[in-house]
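By written order: A, B, C and D. Residues from 1 in each chain.
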Amino acid sequence: MAISAADLRGVFTPIATPFNGDESLALCELRRNLARWNETPLAGYVILGSNGESCMLDEDEKLRVLRAARKEIPGNKLMIAGIGEESTRHTITRTKQAAEIGADAALIVNPSYYKGMMSSLILTNYYFAIADASPIPITLYNMPLATGIDMSREVVLECSRHPNIIGMKDTSGNMPKMGEIISDVGENFAVLAGSMSFLLPALAIGAVGGILALGNIAPAECVELYELAMAGRLDQARALHRRLLPVNQAITARWGIGGLKAALEMRGWYGGPPRSPLTPLGDAQRAELATIIRDAGL
Amino acid sequence: MAISAADLRGVFTPIATPFNGDESLALCELRRNLARWNETPLAGYVILGSNGESCMLDEDEKLRVLRAARKEIPGNKLMIAGIGEESTRHTITRTKQAAEIGADAALIVNPSYYKGMMSSLILTNYYFAIADASPIPITLYNMPLATGIDMSREVVLECSRHPNIIGMKDTSGNMPKMGEIISDVGENFAVLAGSMSFLLPALAIGAVGGILALGNIAPAECVELYELAMAGRLDQARALHRRLLPVNQAITARWGIGGLKAALEMRGWYGGPPRSPLTPLGDAQRAELATIIRDAGL
Amino acid sequence: MAISAADLRGVFTPIATPFNGDESLALCELRRNLARWNETPLAGYVILGSNGESCMLDEDEKLRVLRAARKEIPGNKLMIAGIGEESTRHTITRTKQAAEIGADAALIVNPSYYKGMMSSLILTNYYFAIADASPIPITLYNMPLATGIDMSREVVLECSRHPNIIGMKDTSGNMPKMGEIISDVGENFAVLAGSMSFLLPALAIGAVGGILALGNIAPAECVELYELAMAGRLDQARALHRRLLPVNQAITARWGIGGLKAALEMRGWYGGPPRSPLTPLGDAQRAELATIIRDAGL
Amino acid sequence: MAISAADLRGVFTPIATPFNGDESLALCELRRNLARWNETPLAGYVILGSNGESCMLDEDEKLRVLRAARKEIPGNKLMIAGIGEESTRHTITRTKQAAEIGADAALIVNPSYYKGMMSSLILTNYYFAIADASPIPITLYNMPLATGIDMSREVVLECSRHPNIIGMKDTSGNMPKMGEIISDVGENFAVLAGSMSFLLPALAIGAVGGILALGNIAPAECVELYELAMAGRLDQARALHRRLLPVNQAITARWGIGGLKAALEMRGWYGGPPRSPLTPLGDAQRAELATIIRDAGL
């Protein structure tokens, strides 16, 4: 049965894609990592998201990653496939492939190469075309830092009315706008924070969960933060928020995927190198990262 | 006795500056407006802030506004003077004048005309020079939308160490950064949300109050939102947040000072025209604004 | 024999990729279009550039377009292959494929998805890795409007020292920076204007040619503008520049690929639709475009 | 008799405002500097421009600077007064004062504090109100780097139709847009490059002159560049352009007013300190600047 907005409550993580030392896909390590994440209270995974270096994989590699992940993800955790193509036709093709492989939903970033042409109307039509054709529910992915486009409130409101569009991951961190969007859309559209750095404020104004890079290396703590906030225990939530912030900063804005993969290793998962031109952390950076992680009590 | 960061807890409003029909200063109306705000639970006022059209006033007019306000503000409400000059020497002069007139603190926006030169070091030195010279405590004013400069975490941290710099109004709405700043600074530095649109999320991560344009026309409701959030009553806070958002949007991003002044009139204060080139609302806009205000139950 | 910077003098055009009514590749039309461009004084073509909707094609389609173009391009015109991948390994693979098919050079846009990580060092290393591995010379492609990254003067200077990096297409239109870059690099590195809208000013400060969308529909006029400028006949150049500007604006910033393809049809080439979510021009837009083209005397 | 667009042909310089060691106005030095500039082929001066630290002066100081300059500027050189106020009423007051003192024209930067409100309509109405009230012709000043607003082609076109608005200084360096504007406006509206860094390309497409910070320290060379370009001697113009670029960069983007004033001293004018928070150059920077100036053959 198709999932709905209610299934998107909670904390998800966009998992890293493991590579061997020569940057080739390390699918065994992917499955081993998932096996370990399966023991955590995470609500599910995004496969092939930004943190999964999706844009670094070729068409065939993407399919192999989805298939490997599918085998390892149990029924009680959602599998969300990240999709990022510029053309409507290829997005539909990839979404159908993901559905066939068994993804529960697709997280679809907007096209952005021809920025000047991406009007609200074009973007809405784009998502409607995907949603009409997709066998599985889709969620919007607003990521202005990578795409240079901050989808308008109008696009989100329009899309929220399509029965096969069930939510949005928003990494903009724009709370006034997120507040307006949450007021606009009904209960059948889930707004998810795209980073631990604003999960707590987002939950305060009505977001229902998050898709958090930090979930890769601190899944239990991310879920705890979510639950404290939902219970209105703001003092404790605030303290945990402050404790996790430096780690989150280290594996995202500061060191990106290289930092995330080094942190994975420190926390017992397989890390490995990112794909070039991204670079792994150097020794000094690893030492600093280790300190940041230790200081956070992880 | 000089005020401290603890005195900045709560909700302040940057009051509008009333003009007559010919755009000359309407100081009687200013005092009458203040008399009515004095009956509300607001913690105090910013005189000559952005919403006070400070940049529209000449040097003499600014002094007259400060003096008129001083006469009307009672001892149990703070009077904060907005200062915005490009040179260190003039900022010091204006701050001393405000202190002499009796302001409790000064809210000082960073210089911004020579953007390329405004390094973190220059900005820190600037605020230190002001703080050293000022007879009253000062607060930083970060307003990237107007200044084109988003003061760095480093500037704020450095400034927080000066005993005469007691807080910051931040209008950026950048929650990740605000969270880091709150973690950085101690209890002797108050971080204040610069808009109702992110007051609730900001309080969730540790801000201690807000300086809110919306406080001009909905002071009681803004204070209620603050108190609900501080009490951890998130469901009620969220509902009030949603109710107020459209009004806030109307009097800030959408219609600016023209909208704020029209709303003041609808809510029983004196409004009057903004100074040209800003324009008053037209009839159709006023009708729409009235509907927005009514829909919010104000 | 490998081409050099001197071969990049003159006017090139990034050709449109024709699609049938169902958006499938129209390779016969591609070859017919090329046959007609071959009769013009253009110095060569970029296949699979931004105007060629490269990002809209899948891996297989890209190879088919390159092969079809190769068959039609005569020895006296350069064939430059556009490449745009995020990972070093895939960029190398695609560049080798293009070389094998017979491209004379590759025009390589910088990776941009992980903007925060794309330091000058990372970008320089990226281009060096490609240049080391590529059997054919490569040129940088700086396109901040699409990528959100404006490659620094330092990156360009470093790259200009690699013997297998022979030039740059710059669409930023930043004349002060272009002037500095031209001063930096020697004669073995060709700087090319990325739009007719600043070809004349760019030539004035030392650019040696252009890769111009407008070359698709007004090749003779673009070459004439180039030659007038090189001859120092500024009055005539200026008059032609003014005449062509509105057409250029119509097929780029204003209507993008949809406008370009409609203009191709009006000028006797095959146009066809762009790929969705890009849209073809409506009737009213086509009428307006026809007027703009006629007014320019084309 | 009022000047017209034709009088704006050639090279103007926005002169620095000299301060004593204690940052007080040094009016004697101002007059001595002007006496020396009067011996150069400059067409005139902007007093109280951005390079004159206008925003650092109070109301009274601005009047004193204008009066001192007026006494020293001979009839064969234009005196243009820079004006920068946020309100229509104060801009009119300042413009009338400048006219009374004897300025030939006023260069008026657009209001920018309330960026979101500064629609094309508001800006056009603003300039029309000023132009209607001003006894002297006015010119637009588009300076997006400082104001955060890039005035639209529509605003400029509308303004060009007012008989008392005779030109524009544009510091954006946006050649495509400048080309369109020059096509739009007639001969009664002069478009002036706002920096030496794009004077040559701007002249190539039809600008008629420049208001150049570099004119402070290299007036003869700037005029020579202008004349070479107007004569179509592009090779020589290009060589001079390259020679001057590093000096221009040093006294503008890199070191700003501090660099400009240090360079003035090296070239025989009075420099002195900028006003704080701007800083004078340190010893190492002065040594580097001296090398840059020497390398340029100045």
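What we mean here is this: a residue touches a chain if its C-beta (ideal position, glycine included) is under 8 Å from a C-beta of that chain, and two chains touch if they have at least 3 such contacts.
Keep in mind it's a predicted model, so treat the numbers as computed, not measured.
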Problem - Most widely separated chain from chain A, with each centre as the mean of CA atoms - result: D
Practice task
Give, as an integer number of Å, the spacing between the C-alpha centres of chain C and chain B.
Solution key: 50
Problem - Distance from the mean Cα position of chain D to that of chain B, given in whole angstrom - result: 35
Handout entry: Arrangement of touching chains [line / ring / star / complete / other]
Key = ring
Practice task
Can you identify all of the chain pairs that touch?
Solution key: A-B, A-C, B-D, C-D
Handout entry: Interface residues, chain B side, partner chain D - complex
Key = 23, 50, 55-59, 86-90, 111, 113-118, 122-123, 125-126, 129, 145-146, 148, 253, 256-258, 275-279
Problem - Residues of chain C defined as touching chain D within the complex - result: 173-176, 179-180, 182-183, 195, 197-198, 200-206, 229, 232-235, 237-238, 241-242, 245-246, 249
